[in-house]
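First chain A sits with chain B, and in the next complex the same chain sits with chain C.
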Partner chain A sequence: MKKISKKSTAPSSEGAVDLNFLGRVRSKIQDPFFWSDWLVVVAFVFVIAFFGAIAPAEFLTLWNLNNILVAASIPAIIAVGQTFTVLTAGIDLSVSSTMTFGAVTFGLAFTNGWPLWQCVLIGTIAGTFVGLLNGLIIAKRKINDFIVTLGMLSVASGAALVLSDGKPRQVISESLATLAIGDKANIPYLMMVAFVIVVVAHFVLFHTRFGTHVFAVGGDPESARAMGISVVKIKVAVYVISGALAGFAATLAISRIGSAEPAANTSILLNSVAAVVLGGVSLFGGRGTIFGPFIAALLLQSLSNGLTVIGVAAYYQYLSIGLVVILSAALVRTDK
Partner chain B sequence: MKLNRFVKVALVAVASSSLLIAGTTTSTAATKKLKSIRVAAVVKGLDNPFFIGIKEGIEETALKYGVYANVQAAPGLNDDIGQANKLDSLAGQNYDCYIVIPISSNNLSQAIGKITKKKKTVINIDSPVDAASLKAAGGKITSFAGTDNFAAGKAGGEKMVAAIGAGKKIGLIAGLAGNVTSAARVDGFKAGAVGATFVGPVNADWDTTKALDAANAMITANKDLAGFFAANDQMAQGVGKAIKAAGLKIPVYGVDGIADALNEVKAGSITATISQYPYVMGQMGVEACIIAAQGGKVPAQTITPYYIIDSANITAALTNKSTRGYFPNQTPPGTYTNPYTKLIKKN
Partner chain C sequence: MTTKPYAIECVNIKKAFGSVDALKGVSMFAKPGEVTAIIGDNGAGKSTLIKCISGVYNSDEGEIKINGEVVEFVNPEESRSFGIETVYQTLSLIEDLSIWQNLFLNREITKGFGPFKILNKSKMKEEATKMLKNLDVYIPSIKSRTRRLSGGQRQAVAICRAAGWGSSVVIMDEPTAALGVRETAKVEDLIKRMKAQGLAILLISHNFDQVLRLSDQIWVMRQGDVMAGLRSKDTSGDELVALITGAKSGKG
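Let's turn to the complex of A and B:
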């Protein structure tokens, strides 16, 4: 009784100095921005704890946690690129077919006997090129991101089919196989690659002038322009980043499935958008982190893995993953 | 004293229970009881009735023998990596056997390699896993059960030429670009339709509407088309609509034998469907798993049956109903060989 009355009288918004701990926690959890940053972490911990409690012997094994990290690595990289475009209030709907386009160029180079590093490079360049086209059309011609990248989704997947003649190219390479299934200290190589990209992206976004400009352009393009920031350059740059990362992720995809597939994998796109929203990046631009979407990518894969491990029928999995995405988006109201 | 007694009781309990466990494990190692066999399956997207048919076959056969089955599907239509993730998630679990249908011929090879390392059985049904990529990943497939798509297409080609006569022009509608199944069916049809000339194949991505559009375009450009072959039933339905709209009376053959297609064969808007029996594939997959778990010798490869269903045998086909009705043709309206059933030990 005493405690409750104390709790209800103590916190006052003006007397911020003498806020006790509970009061501070309360005002924190009432702040919508706190939730946009931390909900994904809470949800991730909850999902791990939930499946860990239901199936400790199956879910919480090194083998299985390793699987989750492997599964999350490609979505994490794509989500990083997507975060950059969304931070400028844009969106890149072409990521899945950009990745396919990168994979197909990789596959062509590989079948023509190019060394592996050149294959990786050409795949990344192919993705960068698609991103550059996206950025130039969006920024120079001032056309809606949604429409341009939706068009590019089709263009890039068409280009991938034309280049590959619709045929998968088998890529069997010892080093790629090691990349796909190897690990060090139980951390899979694929996740290490993804994590390096996440850390670099975090540094670029929060510790460079370019990063500040990205936030400025996303937050208020007019003031950004008034401050002398080239909105066009920043816009082009974020799509180049998204395209390059999608092209690079093609290498990881090829390492996992052992071939360059000509048909686009649309789950990649849906996953990246879901991760960005769950990760607390505002769809209106100017607000967000890199680690949020990264944790969200882990969360989505943990959810999918956990449901499979405990044997939830496939139909209910579609339902539950969709519900989690909508529910979290409803909780994280980042609109201004 | 009290504590001591408690400890003693606990010790006895632990000892006896571990004995019990030891006892059961040794006995199952010799001949695995049906009830203790656990099967996991990863199929393709369940947005296609064909794979629902396979799922049904797996689940009902498991139920019949009393084994446990967990059927999972790829999260999306072309989600090759997502499907590999699913198999990875199941690979670490306590299953005796894994039934797989890869989305592309390569995408599950590495996951299968991991399962082989754990000395578990993998049974491949429907679409074959590529041998080279499987070898590179160190994977092993104990048994394959699937349709010979080339032979099924070829039978369709022969039948159509017999019906319309040689030297005619036939339109070809294929599935997704680069899809092995689609290519085998179309190539088989061409090999069977001796003396015919072909328009296409045009890729309609297994989709009814896209096939309708493609067939419309082909009819407009080629007034002398004498027939159509579509690499699956959903596309054949689209072609059937296009033929009707153009006021033509030419045959269209599909492949698969899905519920809607059988109804349309009865109604006459599709001429024939070269029926496959996904239910039988699922059934054979589970049976192969049981044989392997019981330590028996599993047949390495089995060709599952296909039947051409047209106006002559549609009534028989339609009476052969599934309990859940997704793929009405559970088993063919005739005889077929199943080398697995007789090898299972009932215990």
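Let's turn to the complex of A and C:
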């Protein structure tokens, strides 16, 4: 979280010297960019406090919090990939079916007796391939990202159904079972995997040339091009990242349900876009963090978990998550 | 004439777009430590000429010499590798990146090796401060977003970026067109300092007063051709207008 605060130094920087602490706090609070970075943290604390107050005995148990972390791990990983595409002012609508496609290839490899690590690899490669196709079509042919990935959503689900013949394949593996249910110091392994990906993604975004170029291409593609940055390469790369992470997340999904399902889990898509928006990433590109969407993924999971715990029917959960997303997009106006 | 080679020399540059001859054999030069202005009416070929020099366009004919040596480049990156930098009117600054990030955009300093190269942020901030200080540009904080800068400050940052890369030729397209009086004066001072440091500056401007104030050499273009090359101290606004409109022929 330290990095997020670093990113939001903007408001006080110009007349920085003569501002006292209170003045700095005030000017920060008045800065809309500050809120785009911190709204999600405030909202997360609020959601936890809210459900903790209403149903402390059910919501605030170790077991339940553990559930939230497990359930948030896959959306968190997908949200990281989505963050990269949105940072370049794009979007990847194919993430959920890419994950399904990855899961199906994983299942095929597994039933053919491939060792587990090869199954993980093949699932990730399958996702990477889908992402590469997305990226090449969007960047090289200059076709609208929305249309390309929407088409790919259908193509990847179709390919998953064709490959699997529409049948789920059981994947029984002790290591995967351990991954799904194990934990260390009350942190589930699945969340640890997600968190490692979050940290690596943060590092790539804020500490490598590639990361800077992602921001540059998203913020102003013409200027980025004028400075010699290959917009095409960056665009392809972000879709590859998104696809690869979706393909990799298939492993986590398989470990949780014990089989490779050919049916796409569409809520993953909504969830990832929701997390990105809520996490303060500008839909116009060029602004955002990784930890923001990560916290947002935790928040969304806490919200739906909390609603379940206090006995709100599942139908209302879709409604509430949708409303939260729209509300947060309205609150955080980082638009140019 | 000095024996010192020109920082940049164009010899008989021709460029056509379809049947339109945008440049009909342009020859000009710019000396190091001088401001060389290129003036002319809209459509005279100024932009096409600088785009040929900066590598955006490839000329059909003719050659470009840097410090007396013939060079060839096919894109802006290669042109840049010969020390030619361009500050376009759009400035090419990324609004949401900090000033130091913009100064080092696509030239980031890294540490480590291979795929593990990481940004050397402290080094870049340090160098960025030097780049600005070197040209006496005062910006409150190099860490603030470029979005927060005034028009003049942006222009100054873009110019410092162009000047700060061991470049020998800096091309500026209407650097003060969008600025107020005070900011224009500051940018003009900045251009004088760059000149004093031995850079060759190619200045495109519609503002004759500015051209006469700043430049040492003036090339007047008309309909894709160079009408005249004059020393600024030997000419006047009236003569420039006459040359631009064609009322007077410089080639006579």
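As a working rule, the second predicted complex is superposed on the first by the 312 of 336 C-alpha atoms of A that agree within 3 Å, B and C clash if a C-alpha of one lies under 4 Å from a C-alpha of the other, contacts with A are read in each partner's own complex, and residues count from 1 in each chain.
The criterion applied here is as follows: a residue touches a chain if its C-beta (ideal position, glycine included) is under 8 Å from a C-beta of that chain, and two chains touch if they have at least 3 such contacts.
As the structure is a computational prediction, the values presented were derived from the model and not from experiment.
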item: Touched partner set for A:S154, first chain B, second chain C, both or neither; value: neither
item: Contacts of A:N144 with chain B and chain C, given as first, second, both or neither; value: neither
item: Which of chain B and chain C A:N186 touches, first, second, both or neither; value: neither
item: Partner chain(s) touched by A:S175 [first = chain B, second = chain C, both, neither]; value: neither
item: Chain C versus chain B, contacts on chain A by residue; value: B
item: Partner chain(s) touched by A:Q118 [first = chain B, second = chain C, both, neither]; value: neither
item: Touching partner for A:R287 - first (chain B), second (chain C), both, neither; value: second
item: Chain B/chain C common contact set on chain A; value: none
item: Touching residues (chain side chain B, partner chain A) in the complex; value: 46, 70-73, 75-82, 84-86, 88-94, 104-107, 109-110, 113-114, 130, 132-133, 136-137, 176-178, 203
item: Partner chain C, residues of chain A touching it in the complex; value: 9-10, 13-16, 203, 207-209, 212-213, 215-216, 219-220, 222-224, 226-229, 286-287, 336
item: Complex contact set, residues of chain A against chain B; value: 58, 61, 63-64, 67, 70-71, 74, 161, 164-168, 170, 172, 177, 180-181, 253, 256-259, 261-268, 270, 301, 304-305, 308-309, 311, 313-315, 317-318, 321
item: Chain C residues within the chain A interface of the complex; value: 76-77, 80, 88, 90-97, 101, 105-106, 108, 110, 117-119, 121, 140-141, 143-145, 148
